[in-house]
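Structures for review follow.
Same chain, two partners: subunit A is paired with subunit B first, then with subunit C.
This part shows the complex of A and B:
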């Protein structure tokens, strides 16, 4: 089993708001982001549309990587075909040129093949995904089922903890928790009730 | 935020909550297999056994066990190859092209259709591999490795080689697309797992997925790019398969309309098979709320459209042969319709052009048992199409001394039935161990939000 340090571990204290309603969740995430709080990440069981905007995430640059991989595929196919059909053993079939339009299908297929595999590879790499990795960012066992979680760093945020708690509860959170990281993989979660003194 | 039309029926019925979706779709994975599953799986495994036996005999005795002869050098093998590749076209069409067109009804059916794509391409690959006879020698010819008996390379001007690249790219890209789509759902199963084995395996394949929005953000981009490149890919595959025929000088094959005609036929047969499986699966697995009559109706419309396109191609071929003035072409088509294989030609015409026209009537598109019957008709018709193209064109040579008849041997029939065994064995395993419906996508289109 492989594990690695992730976003959650880098922050000493993290507050979690756990939601059941996706629309209320989206609203609250937007409000908290506008307020200037430092949202570490959100965890949702399905892609909530518009949340990347609400959180202030930028569009991923993965397509650029995919394009580069596609070009590599194109060049690989071009060199294989040029080497085999032109350089090493020119094969004349039906008096047709040794290099021609008939190279197109393989050029296309190899470009697509390299793009797809390259894209999947950089996606896994960028998202730190690996077979068998322990999902250490799992706040709630139901975050892949029907719960939506927002994780906010509280130690250096522009918003006070009590303000955050109020915003989360007013926004419709069913549960608010605070996590203190003592060390890597060693943490305590404390449940916060509405109006409790923190 | 979702703003749905109040007139349009919802894509998922039964007022499901997010949790209902998870529980209902994970049910077959978490419970013991049902009797229906056991019976179905055993039957499929028996046919899979027939495949193993017939392929072993083919290799041990040789390709002479098949009914091929000097004139009809492609028979059931390439017929079945094109048949299975065609079936493999619906999955990527649904998940890639319908994604680009933002057709949300694809979400309940894309997972199983993609699985079918992968299994169908596996079945298809068996035929070109084994029709080489001694495939371990043939591999040198198929892959870009120097010829075992000299310093020649493979011929990149040949559509047969393009086909090797097209089919293998299509298979591996579809597999990547399918697996990426599965990861969030595997994580859901992992987080509900109670047994140690399930915890380990679903954890292994979920790759540490937690549903992080940063990852979802990239994931959506990856899906879009993969859909973008899979769209021309899916069209290229059957185009190249058609070029295996179209670039030859055989009357009846030497036709420029083959690429679009084959692609339309592939989508037609793919949807035929998706309907066959899903009409049964939604009933047996109790997924009527996810795969609704609306979904079946939409697929029937695609079947009707592509069936008509294929029919138009049949008629165009006849017209072009007549108009060309080439007597070999003219003979090839008259011989198809009135020659010794007339029954195959008219089965094809009836099943592919005439039968799907019943889908003009709403009753036909919304009655599951009727759709099931029609989907079988479509499958049969599309098999006959390939048989007609291959066998009727080959059994008549330019010289009458080369005129022969072709009929399959028990071995060829065994291999064909055996591929159904492989296909259904894989499908039953898929239905038992993986979520048949894409939970995370279906959750995003639920209606009963506040």
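This part shows the complex of A and C:
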């Protein structure tokens, strides 16, 4: 279901480019994606418009999730109303039919409720923000403040590491790091300077 | 911010000629011909009936007074007779209701309508539709300024041009009010009768409402409200065009302030106009959600018209900066506000249906009789099911052909919605969708297209110095 490559700790080596400027960041991400490098994820403190296209992300399945949750809510509401008002203890209120259009508000509200909760759950799950999230996802403390980070898997790199480093620095990265994962939550980060030999 | 495609911002000038001109003019001419035929048909059908109706009316009045007095003496009896009446399947079409000796409490006491009321009512209805669509265009522009929204800047000139035509609708409404208001609005008829409390035919409900539903008040609102809107529209337009030549942020900042004031005034004044023009057709009845429901009708129709014009311009090589992203957003807007419309429609219907208070339920009872029952179901299909199901997927919202289809469905649907607001209350026995209705609507379409496209051709299609133009050109709704 979830591409394991999308997790930082499931790749042996990962390279991070840390940026200050969102425009330069967006440009560089686009270039790196076009080169064919394996981008794991981008971490930004605010939404950067157009980043999905630049990263080459496929369309999210979130709308399908919304539809399914909406249907679940609709069916739940319909069945509890049917059970309570029609099957178990039929109640006639104001001479109205026990089943029918008066069910509408509850059907609507339950569909909305299920959709909202379902989507919130999916969102937290998919963006790895549920409880027990992997701490190593936090590449740099400043990624929630004023830095934009791109993470690139370098295990079976289509682009060589030195080429990547050059691209990141040329694109305006203020810092480049490389992480080596030894075990779960056990890794070492090494800072790479421009022109250093790797 | 974005990249990938180069953006070249330049002024575009639309020339209104060729096919579009022929199309609008032929709509106008064919519509006029059909209207004239329709008027003759209404004349032939109506001249015989109205005599008959008059007679009926005389006998009816006696019953009505009797019924009212009886009810005043014994309120419990009124309730009994109401439930009794429900069983006996009498016709609730306006005056026919009175044929039955048992009288529901606030019966819509209607007076017979001459054949030409149908013609004026069609003019009123289409004029109101025109007014709604046009002023919602103005609201669209104001909304973008107030919300600080950038996405729609590239197509802002389209609703701006649409916002120029509502004075025509307002003048037509005023004209109809003066010429045939007495026959369309029962409260005008009642006001002219000058019946004092205690006299036969005294109507407590209309008497209570007379502080608001009187000719002076109505004419005052019908004149002042469109005038105020027109002044705001003129100011917003002139600032936008001066921005094109002079640039700078002055006009933009001023527009925000003017838009905020306009939206504040618009909320109240559109509500008042909807009560005066539409809700007072059923003068005994009221609904507290009616004005916002009218706004929803106008707003969805306005979005459909904007989409159609933008798609037309794009097909003809204009509006180069408008991309699929903008079209997609218009589609989302229509999808969302169709659901909003349905929500209000259901809110109004469901409470009345559930509470089943006779004076409220009579409104829907009338609309559940043939021939209106067809329109009633068409309303749900065209205004809810079609946009909801068709516009649900992303691809459909980005597909011009599908969008055109949905827009046409929505426009037909909301015309039908207005038809249901006006006709059953005013001319329950004569209403029928025929050549007159179709012809009149075609005429209005012709006028609308001609007017709006002419307005578009008079100025540049791009607000070239608008501070958000660049942002709008790069608008991206994501993957």
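As a convention for this text, the second predicted complex is superposed on the first by the 184 of 198 C-alpha atoms of A that agree within 3 Å, B and C clash if a C-alpha of one lies under 4 Å from a C-alpha of the other, contacts with A are read in each partner's own complex, and residues count from 1 in each chain.
We adopt the following convention: contacts are C-beta pairs under 8 Å (C-beta built on N, C-alpha and C of every residue); 3 or more make two chains touch, one makes a residue touch a chain.
In this text, all values refer to a predicted model and were calculated from it rather than measured experimentally.
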Query = So if we stack both complexes on subunit A, do subunit B and subunit C clash, or do they fit?
reply = clash
Ask   = What is the contact status of A:53 with respect to subunit B (first) and subunit C (second): first, second, both, or neither?
value = second
Inquiry  = Contact-wise, after the overlay, does A:153 reach subunit B, subunit C, both or neither (first, second, both, neither)?
reply    = neither
Ask   = Which partner does A:115 contact after superposing on A: first (subunit B), second (subunit C), both, neither?
value = first
Query = Touching A:37, do we find subunit B (first), subunit C (second), both, or neither?
reply = neither
Request  = Determine, under the contact definition given at the top, whether A:176 touches first (subunit B), second (subunit C), both, or neither.
outcome  = neither
Ask   = Now for A:26: first (subunit B), second (subunit C), both, or neither, which partner does it touch?
value = both
Task = Would you check which partner chain A:63 touches, where first means subunit B only, second means subunit C only, and both and neither mean what they say?
result = both
Greater residue coverage of subunit A in the superposed arrangement, subunit B or subunit C = B
Query = Is A:45 touching the first partner subunit B, the second partner subunit C, both, or neither of them?
reply = first
Request  = Identify which of the listed stretches of subunit C (55-63, 163-171 or 199-207) has C-alpha atoms clashing with subunit B after the superposition.
outcome  = 199-207
Key: Doubly contacted subunit A residues - partners subunit C and subunit B   = 22-23, 26, 49-50, 52, 57, 59-60, 63, 96, 102, 105
List of subunit A residues in touch with subunit C within their complex = 22-23, 26-27, 30, 49-50, 52-54, 57-60, 63, 94-96, 101-102, 104-105
Request  = Using the touch rule from the top, collect the residues of subunit A that touch subunit B in their complex.
outcome  = 7, 21-24, 26, 41-52, 55, 57, 59-60, 62-63, 66, 70, 80-81, 84-85, 88-89, 91, 93, 96, 100, 102-103, 105-106, 108-110, 112-113, 115-117, 119-120, 123-124, 126-138, 141-146
Query = Can you name the residues of subunit C that touch subunit A in the complex?
reply = 1-4, 346, 350, 353-356, 394, 474, 476, 478-479
Message = Per the contact definition, I'd like the list of subunit B residues that touch subunit A in the complex.
response = 1, 17-19, 22, 144, 151-157, 159, 161-162, 165-166, 169, 172-173, 176-177, 180, 183-184, 187-188, 190-192, 203-222, 225-226, 229-230, 232-233, 236, 240, 439-441, 443-444, 449-450
